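The structure that follows is given in the form of structure tokens.
Read from first to last, the chains carry the letters A, B and C; within each, the first residue is number 1.
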Amino acid sequence: MKLRELAEHLQCRLEGDGDLTIERVAGIEHAGPGDLTFIANPKYQGFLESTLASAVLVTPGPTRSEGGPALLVCERPYLAFAQALGLLVHASLPAPGIDSSSVVASDAELGDAVSIGANAVIGSRTRIGARSVVFPGAVIGPGAVIGSDCVIHARVSIRERVQLGNRVVVQDGAVIGSDGFGFVKQADGTHLKIPQHAAVVIEDDVEIGANTTIDRPAVGETRVRAGTKIDNLVQIAHGVTIGERVLFAAQVGIAGSTVVEDDVVLAGQVGVAGHLRIGKGVVATAQTGVPNSVDPGVMISGYPDIPNRDWLKSSAVFRNLPALKKRVVELEQRIAELEEKLAACRPPSET
Amino acid sequence: MKLRELAEHLQCRLEGDGDLTIERVAGIEHAGPGDLTFIANPKYQGFLESTLASAVLVTPGPTRSEGGPALLVCERPYLAFAQALGLLVHASLPAPGIDSSSVVASDAELGDAVSIGANAVIGSRTRIGARSVVFPGAVIGPGAVIGSDCVIHARVSIRERVQLGNRVVVQDGAVIGSDGFGFVKQADGTHLKIPQHAAVVIEDDVEIGANTTIDRPAVGETRVRAGTKIDNLVQIAHGVTIGERVLFAAQVGIAGSTVVEDDVVLAGQVGVAGHLRIGKGVVATAQTGVPNSVDPGVMISGYPDIPNRDWLKSSAVFRNLPALKKRVVELEQRIAELEEKLAACRPPSET
Amino acid sequence: MKLRELAEHLQCRLEGDGDLTIERVAGIEHAGPGDLTFIANPKYQGFLESTLASAVLVTPGPTRSEGGPALLVCERPYLAFAQALGLLVHASLPAPGIDSSSVVASDAELGDAVSIGANAVIGSRTRIGARSVVFPGAVIGPGAVIGSDCVIHARVSIRERVQLGNRVVVQDGAVIGSDGFGFVKQADGTHLKIPQHAAVVIEDDVEIGANTTIDRPAVGETRVRAGTKIDNLVQIAHGVTIGERVLFAAQVGIAGSTVVEDDVVLAGQVGVAGHLRIGKGVVATAQTGVPNSVDPGVMISGYPDIPNRDWLKSSAVFRNLPALKKRVVELEQRIAELEEKLAACRPPSET
């Protein structure tokens, strides 16, 4: 694609030769001739001199150096970079059609231009919307509903009666609708399984990572609202509700019946206990453990979680705890000496 | 089902109209006419006034209000609720039979009324007991033994020679019998794989969560004893022994050769180091890290784990560590001032 | 195998009857007649008296007791034990051949003596090297390259264009090449997916655990270098580079674009943030959280990580924080008393 054309698509101001051909996108350190790259973080500004890229997406500010790469100037270079990837890199989704090795129930309803991969299994009474792709080895349980333009990668399990909206992407090996971990202790100490047969709903534009698990509850529903993105190896327990536009990094775990409100961001390996409410826009840093509900808009860290600012300060003291303890011991000695000296010091009444 | 009939099944005392028809079960906040719900936690008592449910399972105490829902009174409403779910919700296990797309070794022994799903693979010399169900895409390795009334969900791997007891449930994508993580460092710094070909035994009534992994050891065995329930994304390393009626919440990890005794409860994301013994009835709160063996009956938290009560107190101080440090700094200043003053104060012998 | 023959293979000095037949290997506590076992850790030395094993691998030192087991003396008994397992235990890899139920693209290139299991799916333009084994239900995406002597266990996903070297072992359910978790926030708060179509390279002699996930980046590559061993349920994010001979225990998570240098060892549940460099030979104990780059050779613990020695000391103080706080409160009281007494004490100038 000509750089001029790309600039128009991305709505960027072009500084340099619009006739350059851009063939690929690349990171700033690895980019070469024919590549478009970007600088979103000022600390990478120095690479502008050394990069071999043909063009660089930048924020307003830097001026183009003679012989340097062409510049595409815009307010949000990273966003433009993501858009450029969409223009220049073409995903290789399988062609529509039903592979002869797949097993599709006779009463399944498949929309226009659906693609069903090799050895996929499509259960009875399922419905799959137009242009959705089911990769090889995926298993769609009876009565499951998948919207339009979904991508179900290889070896995903969509269990019975699970509902997916439109444009949902599920990475390989994820499981949606497995039995919630619900047992009740009986008088003899054994655990009676509580049947878990209620609803799981994944709304539009959700992405679910590889080998992530989302459980179904006994009653009510487990729900992930529109536009939420979930990374790999995440656990969403039964009866959980996740709001819109939420981001969960890898290995996050949410225990049963908790409500996570819109726009929450949980970094990697965060754990949230059950029956809580995590307020809109909460941000938790990696490995945070959340035993209680959290007010909207707070940034938290640590276990039990505390405000991030406090946690940073407490952590700084933690690493010097032995020194702090030593100072207390020294204080005790100095006070004991003072007490001894003062005892020897005549009170005024005695003079 | 008539409420009267349900009350008999659940051995509850009925207050209200026994002719009511109960069609579903539901949580107290979502229940409507025709629903049975429950109150196990006194803090939900207030919902008794507002619920639209036809009947509520309660402990002895509350009296039925005029026009309110019928009451089913019993000592353990949550247990009765679980039992009611079993009566009113009917799981849709696949019908017995062998799907023509499955690949079943000619020398596999299948019991009466076994169900083998589409594209499942049943290896050579396997034995599968009566009424067990293998869902689509599951792979049962050569020589594996599965008892009666087991449910092996879609895309589970049961590796070669693994043994499962009766009534074992394995959720989608779980792996039982993968190679233990055993390597030995050689003189040149590379890691030599220790072949991992020994036994894995899962006893009766165990449940294993989605995408959980249970490794096989080089020698000896990995064993999960009867009645233990394991949630999603849990890691059980090679040579581990898990006792009876143990509960592991999601994302727990147990390192190699550790013994977990009966009735232990580990909350989410707990990690236990290798070669330890976790005593009977130990409870660990979420994210606890256990580097040493734990005596029976203790409740632990933190990393390294300490008694939960101590951890709660230490955590409360942790969040105020900067203030504590400030107090120490102030003390140092005050003592320095005292020391100065006292130095100026004539000792008695000088007067 | 005769013990004499085994001693020669393992290059050990034999004390005892070389005509003994060794049939199995076993742990010291479970070994019986016909078994070879080992003592690598001095704390198990006591078992030398009680074991029923026919022979024991030991370091130089202990002398054989009359009627006790034969000894195989060498510098590294655990290494010899691993080698003995390779000699005595024979893995049951499937025979070469292509199962008729598998789906192999007509343009896939399969090397000599490759084994393709039941219901495996081999995509278009894939290349699989000589003697590699693909177990049942595995899905190899279009254009993927697998070297020689690899073992791809059941239900693994190797995504499109992923490259594996030689002798790579991938345990069941692992996913290599899933989309990286890359999104950019748009003006309306929604997250735009950054297409993730770049390279994933797994070099020679790497082992990847069950249900582990390794993501593909938008640009550049994700790479795991030769000889690295990764346990179960590990997350390797997009654009990460893992060095040679690295060991990751189960449930470790590495965020995007981080570089882990050679010979690093991360214990279970360790988390590492993105865009960092973890220096050669770093060791992190279990559950460590790493928010910043780490210099080579350091042993770290805690979150945020600090040197292990400091962490051990700080953790020891942590568990007694309430006592420390009490000491500070007592100091404050004693100082207040001293200040009061000293105020009453006449200054020298007044006398």
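In the analysis below, contacts are C-beta pairs under 8 Å (C-beta built on N, C-alpha and C of every residue); 3 or more make two chains touch, one makes a residue touch a chain.
Just so we're clear, the structure is a prediction, and the values are computed from it rather than from any experiment.
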item	value
Between chain A and chain C, the fewest steps along chains that touch one another	1
Classification of the chain B:chain C interface as same or different, half of numbers criterion	different
Chain B and chain C: spacing of chain centres that average the CA atoms, whole Å	24
Chain B, residues touching no fewer than two other chains	119, 137, 155, 173, 211, 233, 251, 269, 287, 318, 321, 324, 328, 331, 335, 338, 342, 345, 351
Of all residues in chain C, those that touch chain A in their complex	103, 119, 121, 137, 139, 141-142, 155, 157, 159-160, 173, 175, 178-179, 181-186, 189-195, 197, 211, 213, 215, 218-220, 233, 235, 237, 239, 251, 253, 255, 269, 271, 273, 287, 289, 291, 302-304, 306, 310-311, 313-314, 316-318, 321, 324, 327-328, 331, 334-335, 338, 341-342, 344-346, 351
Chain B-touching residues of chain C, taken from the complex the two chains share	25-27, 30, 76, 78-79, 81-83, 85-86, 89, 91-92, 99, 101, 117-119, 135-137, 153-155, 169, 171-173, 205, 207, 209-211, 227, 229, 231-233, 245, 247, 249-251, 263, 268-269, 285-287, 315, 318-322, 324-325, 328, 331-332, 335, 338-339, 342, 345-348, 351
